Each structure stands twice: as structure tokens, then as C-alpha cells.
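Look for subunit A in each of the two complexes below; its partner is subunit B in the first and subunit C in the second.
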Partner chain A sequence: MTDDKDVLRDVWFGRIPTCFTLYQDEITEREAEPYYLLLPRVSYLTLVTDKVKKHFQKVMRQEDISEMWFEYEGTPLKWHYPIGLLFDLLASSSALPWNITVHFKSFPEKDLLHCPSKDAVEAHFMSCVKEADALKHKSQVINEMQKKDHKQLWMGLQNDRFDQFWAINRKLMEYPAEENGFRYIPFKIYQTETEKWRGEKIERKGDTCSTAPLLVKLETGQTVD
Partner chain B sequence: MEEDEFFGEKAFQHYCAEFIKHSQQIGDGWEWRTSKDCSDGYMCKTHFQIKNATMESGSRTSAHIQTCLPMEETIELPLDDSEVTQTTAATEVIRYEYHVLYSPSYQVPVLYFRASFLDGRPVALKDIWEGVHECYKTRLLQAPWDTVTQQEHPILGQPFFVLHPCKTSEFMAPALKHSQKINRDVNYITSWLSVVGPVVGLSLPLSYASAGSRDE
Partner chain C sequence: MAEEPESGLQLPPSTVADGDGPTEVSPGTVTPEPPSSAAVSPGTEEPAGDSKKKIDILLKAVGDTPIMKTKKWAVERTRTIQGLIDFIKKFLKLVASEQLFIYVNQSFAPSPDQEVGTLYECFGSDGKLVLHYCKSQAWG
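Moving on to the complex of A and B:
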């Protein structure tokens, strides 16, 4: 893995130029200008949009503001999917910047998970890492790490620190020399069909999987390739 | 690897089928559902709880959650005002859904659940936690994010709360070892659900425990 450092860096530092526009029916005291941001592909919406929230809340009254959520062309954006994945699934064939609509009302309870704080993003992220390690190492590597290592992995992602993140993640990407690889390779397949829900399936090494129109997002360890 | 065969998906489906058989005998409401495009299936149950919020004249409130009303019966609320001269009671009916799915990553069953009021409004997690039995509360409150989180249901794609499965094989291991020692057939699902269910307001009638041993 260390031989591919350039590739790892390119993946980590991937960005999507995005334009955030307030939903037209939100109640504002004056007109809201759109807000532009470069979003990291490997991160999560609710982790990197504090500035978006601050920008729009400046023109709104406190009583008109509840949990912020995002939508693209009518589809509520699942914050628990990595940003790069959302873009590739929904907007990759459209011209840049990616135009996202911001809402502060009518949270779509049936479609989106709530994100009450950054702790929720951390819990989700660590849950994914742990599940991946269950397949790779029977959870041995992740469970042998100390809490501070878990924290460092998370802080590396939250603060966009490649070296800090990979200092820990490289242990999750190693396997003993005598074995030829991981016990199972974890990956998730997201299908771009027109059905309402997107399926996820974690396939194991050696299983056949369908080759219907697919976007394959490889999540070995934590990098989304 | 012996653990790979220990609780595979086939074993999961077998124990669920046995569990549902007994549920049908006692009218406990569990049923099996499959998803349209694959052979994956899960077990589910819906039940209703009444939440009483009683207002004392000194304006203190206390909430009592009564358990388990069968779905088919009409819900009758006490209207006898002569007993409650100094208090007013507001009752809310909450609909709980419990789903038991198999996790191929952890090779264990996982409990998904959600709650809503009758008009469809979802019940917030903190309100669900208030309905958790006292003895489980400390554990939940100390590290809530380790134990119960909101996640997407793997088959339905909708938000559910989930009891995280990463510790399941740990706490199930001693019980299973013991049952192997005394050579008694134990339904994994029954044992597991009797441990995790009460943490989120789901109880199992005791007859489940004796259901399996009749097969010996």
C-alpha cells in the first residue's frame, strides 16, 4: 500500500466544486446569496458544511431554522454516504459546479438519518471501519487498537490530515506475510437504477456478483476509490 | 474455520423459522418477510404501547409506559374521571416495529427498530431511551453512540435505530458453549433476543424458552 502513496494522496485530496443555494420557500429577512465550497470526496456533508449553515443562517430568523439538510434535483442527500459517492451516483454527468439546494424546514424523516452532532458522523464512520475490519481481520486489528488510535483515525478525516489518518489506517490495510491477502475483501456496490432506494451489498471474495449497471466504489479500509 | 459455520445465514433462517412457529402458537405477532429482488429475509413484529403522561396538581409530570397491547384488540382508555379528580391524563399510542436481520459481516443477527405516533410522526431516540428499563439505562447513557445508532435498513433503505452487533458474538459465546456442554439444543435467536430485546422495550414471553426443548 505504501508504494501507492501517490494514488492514495490523489484519492484523499479529491474535491468537488459545489454551489449551495437556499431553497426558495425558506423564509429569509433578505435575499440569500449562493455559497461556493470545494467539498472533499472522502468526507461527509454534515462534517464539512458548517460554513454553509452560518452563511444562510445570517439571513434567517432563529425560529425558522431547524435541522439543515441537502437535496439535489429533488433527491434528499444522505449525509452518511461519502460526498464523492453521492456526486458519482447523482450528478457525475452534469456540468460543474454541483448545485445543491439547502433546506432548514420539513426534514424528510422517511428518507434521511438525523445528524444531531459531529458525534453521529464519527459513530457512523467508525462503525463502517469496524465492519470492514470484521471482514478483513475478524476485527482483530481494530479491536487491538487503543481508543486514542480510533480517535486519531477520525480526527485525521475530520481535519483533512492525510498523514495523521494513514498512520493508523495502514495497520488496517496490512495482512500477515504468510497469508495471501485479507480474509474477505469488503466493498459496497451502489446501483444507479431509477428505483427509489439504493441497495448496498457487501460481497465476499470469490462470490459472483451481478454486473447490472453499476458504479463500484471500492472501500478497502476507508479509502473510497 | 469452525466459526464460519457457527452462525451462518442458513442457521439464522432456520432458528427464525422455529421462533416464528412458536410465536404463531402463542399469537406473539412475529412474521417472516422477504425482499422482492433477493433471497434475503428478515423477521419482524409490530406492537403498540400506551404512554401515560400524568400531570399532578403540583405540576410534576411522570411518564409510565405500559407494555404490549395486542394489535387486534381495540384500545380502550380509562374515562372514569371520579378516580382522577386532581390529575389530567394525556395518553399517546406509540407504534413500535422490530426487525431481526442477519449481518454477513459479523455473522450474527441484528435488531433494527423504529417507533412512531399513530399520525406517522417518528419518535425521537431520546424518547425511546426513556422507555428503556432502568437496569439498562446507565449503560446506554454512558456510551449511547456505541450501542444504539440510527442507520439505514439494509433491505428497506429507510432510517431505523439499530443495536450495534459488534459485541453480539462476545456475549452469546458463553451461553452457547454451555448449551453445547449439557448437550441441549438452544435456539440462538430466542437466546439472543431475550438479551437484547428488553434494552429497547421488547420482551419475550417465557414460553419461548421451553419451546425448543420439546424437540429433544
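Moving on to the complex of A and C:
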């Protein structure tokens, strides 16, 4: 794991330069300037856009403001997908900055989950971690951790603290020396056409772990043993 | 093999938000692909859950949450967790404002837009997906 430290840091500190523009039909008391922000790829939109909300709400009346949501070229952005994933799925072939439109009205109930507070983001994130550990360690590692460890993992993400996060996450990425890897490797695969994800678990056979069974499954829809 | 005693119950389409509702497995009707691996149609022996459109879900109540009279359901793979939550709330006659949480492996709450088919593939065992439901956060 220590050999990969540079890679881990590069992944963690990945940023996407983004330009937030208020939707033209929103009612404002004066013109709203666009707002520029470097978004962390590993984080979630509703976690890192407080400044965006403050910026636009300054030019709006309270009665015209309800839950903020984002859209890129007509596609509502699911806050529960990591930012880097959203960018890679929807905008990676476009020129930077990533141009996101900000809305405060007409929340698209069919496309987006509501995000009532940061607690919702925390709950979602921790559920994803638990789901992954169910496959990697039969939930043993995550369940043996104390509540404060879970909290540290979350705070590390929320506050962009690499060392704080990885002090806990490295335990989730370890396996006993006698094994040669996790029993199952959790994958989430996102398809651009339908923008749905498929979860797969890769069974480790023998000493090597191959992604070949996974690839076959995607192409033919059949399981390969 | 012993069939589970279940009455045939088809949900009227109007009570369901998205598409087909879950249907119960009935001993009286002939289901094209039986839930467990024992009795299969001649000539085909497919691993449980592979190409069936529906998967079997077993619902278990947590704490003082009301217990569903019918616990075993055949559910379309593409049904979302949110769809399942809405269905259970209606079945238990809960108010819309009441919350309901669903858990897999008694450890994590899948995202509401997740499809049950995918969860079944990763976390199903013995031909079914066991889900615990609760009015409060049990394992949050």
C-alpha cells in the first residue's frame, strides 16, 4: 500500500475546475455573476457547494429559493455520485471549465434524490463503505471499528484531510497475509447510455485476480465460471 | 421440496408508482422458473437468478416495526429500493411522512435508486435476497 501512496495522493487531490452559472429563469434582484470553484473529484456536490449557494442567494429573494440542484447540459446531476464520476460520465470530452447550471426551483423529483443536510451525504457515504466491506471482508473490518473511526473516515473526506482519511481507510484496504487479496472485489460500473450503475463482485480464483470474467459478463450478459 | 404457503396476490397497477408491482409466489399457479434450484423445467438448468426477470426477496421486520403478513415476494430486477420502500409503506398502511429504512446484510442501507436485481447478484444467497426493514435507523 505504501508504494501506491503517490497514486493515492494524486487520486485524492484530483480537482475539476468548474464554473457555476445561475439558471436564466431563476428570479434575481440583480444580475448573478458566475461562480468558479475547484471541485474535489472524490467528494460530493452537496458537500462542497455551500459557497455556491451563498453566492447566488445573495442576489435572490428568500421566497424564490428552495432546494439547490445542479444540471449539466440538461442532465440533472445526482449528488450521490462522486463528482469525478459525474464529470467523467458527462463532460470529460468537453473543454474546461466544467459548466454547471444552478437551480433553486422545480426540483426534478424523478431524477434526483433530495439532500436535506450534510448528514444525508454522510449516511450515503458510510453505506457505500459498508457495502464494499461486506464484499471485501464480510463486514468484519468495518464492524470492528469504533464509531469514532467511522466518524474520522467521514471527517477526513468532508474536510479534505488525506492522512486523516487514510489512517482509517488503509484498514479497509488490507487483507490477512495468508490470503492474497479480498475474497470479492467490489466494482461499480456506470454506463453512459443509461447512466445506471451495475454492481459486480469479482471472485478471486487461486492466486491471481482476473477481471476477465467481469469483462465477459458485460459483453455477453452471461456468467463465466 | 416443500412449497411455502402463500396466497396468490397480484397488486393492482394503480397502487404502484413505477411499472409492475411485486407479485407473490403462488403454490396454485405454475411459475415459469421456481425460486429454489430444486424443481427446474426440463432441459434447462440455470443458476438461480441468472436470466429470470424476477428475483425473490425475503422481508424481515426490525424492532417494533409491523411485520408484513407476507414476507416472500418475487420482485422485478429493475425495481428500485425506493419502489420497494413505497410498496412496503403502502402494504403496512404507513403515512407518507413516516420513514422506512431498508438494510442489506443487516449492515448497510442501499441507495434508494439502486435496483434490487444488482443487490441480489452481489448479496443474494440460497436463491433470495434478504432485506430488513425498519421505521428508524437500525444500522445507520
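Please note the rule applied: the second predicted complex is superposed on the first by the 193 of 225 C-alpha atoms of A that agree within 3 Å, B and C clash if a C-alpha of one lies under 4 Å from a C-alpha of the other, contacts with A are read in each partner's own complex, and residues count from 1 in each chain.
Rule of thumb we're sticking to: a contact is a pair of C-beta atoms (placed from the backbone, for glycine too) under 8 Å apart; a residue touches a chain by one contact, two chains touch by 3 or more.
Because the structure is a prediction, the values reported are computed rather than measured.
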Subunit B versus subunit C as contact partner of A:His80, first or second or both or neither: both
Touched partner set for A:Gln191, first subunit B, second subunit C, both or neither: neither
Touched partner set for A:Asn99, first subunit B, second subunit C, both or neither: neither
Subunit B versus subunit C as contact partner of A:Glu109, first or second or both or neither: first
Touching partner for A:Ala120 - first (subunit B), second (subunit C), both, neither: first
Touching partner for A:Lys130 - first (subunit B), second (subunit C), both, neither: both
Set intersection of subunit A contacts, subunit C complex versus subunit B complex: 78, 80, 113, 123-124, 127, 130-131, 134-135, 139, 186, 196-200
Residues of subunit B touching subunit A in the complex: 3, 37, 104-106, 122, 145-146, 149-152, 154, 156-159, 164, 166
Complex contacts: residues of subunit A adjacent to subunit C: 78, 80, 113, 123-124, 126-128, 130-131, 134-135, 139, 142-143, 186, 196-201, 222-223
Of subunit A, residues touching subunit B in the complex: 78, 80, 109-114, 119-120, 122-124, 127, 130-131, 134-135, 138-139, 186, 196-200, 202, 204
Subunit C residues touching subunit A - in the complex, by the definition given at the top: 47, 50, 104-105, 107-115, 118-119, 121-123, 140
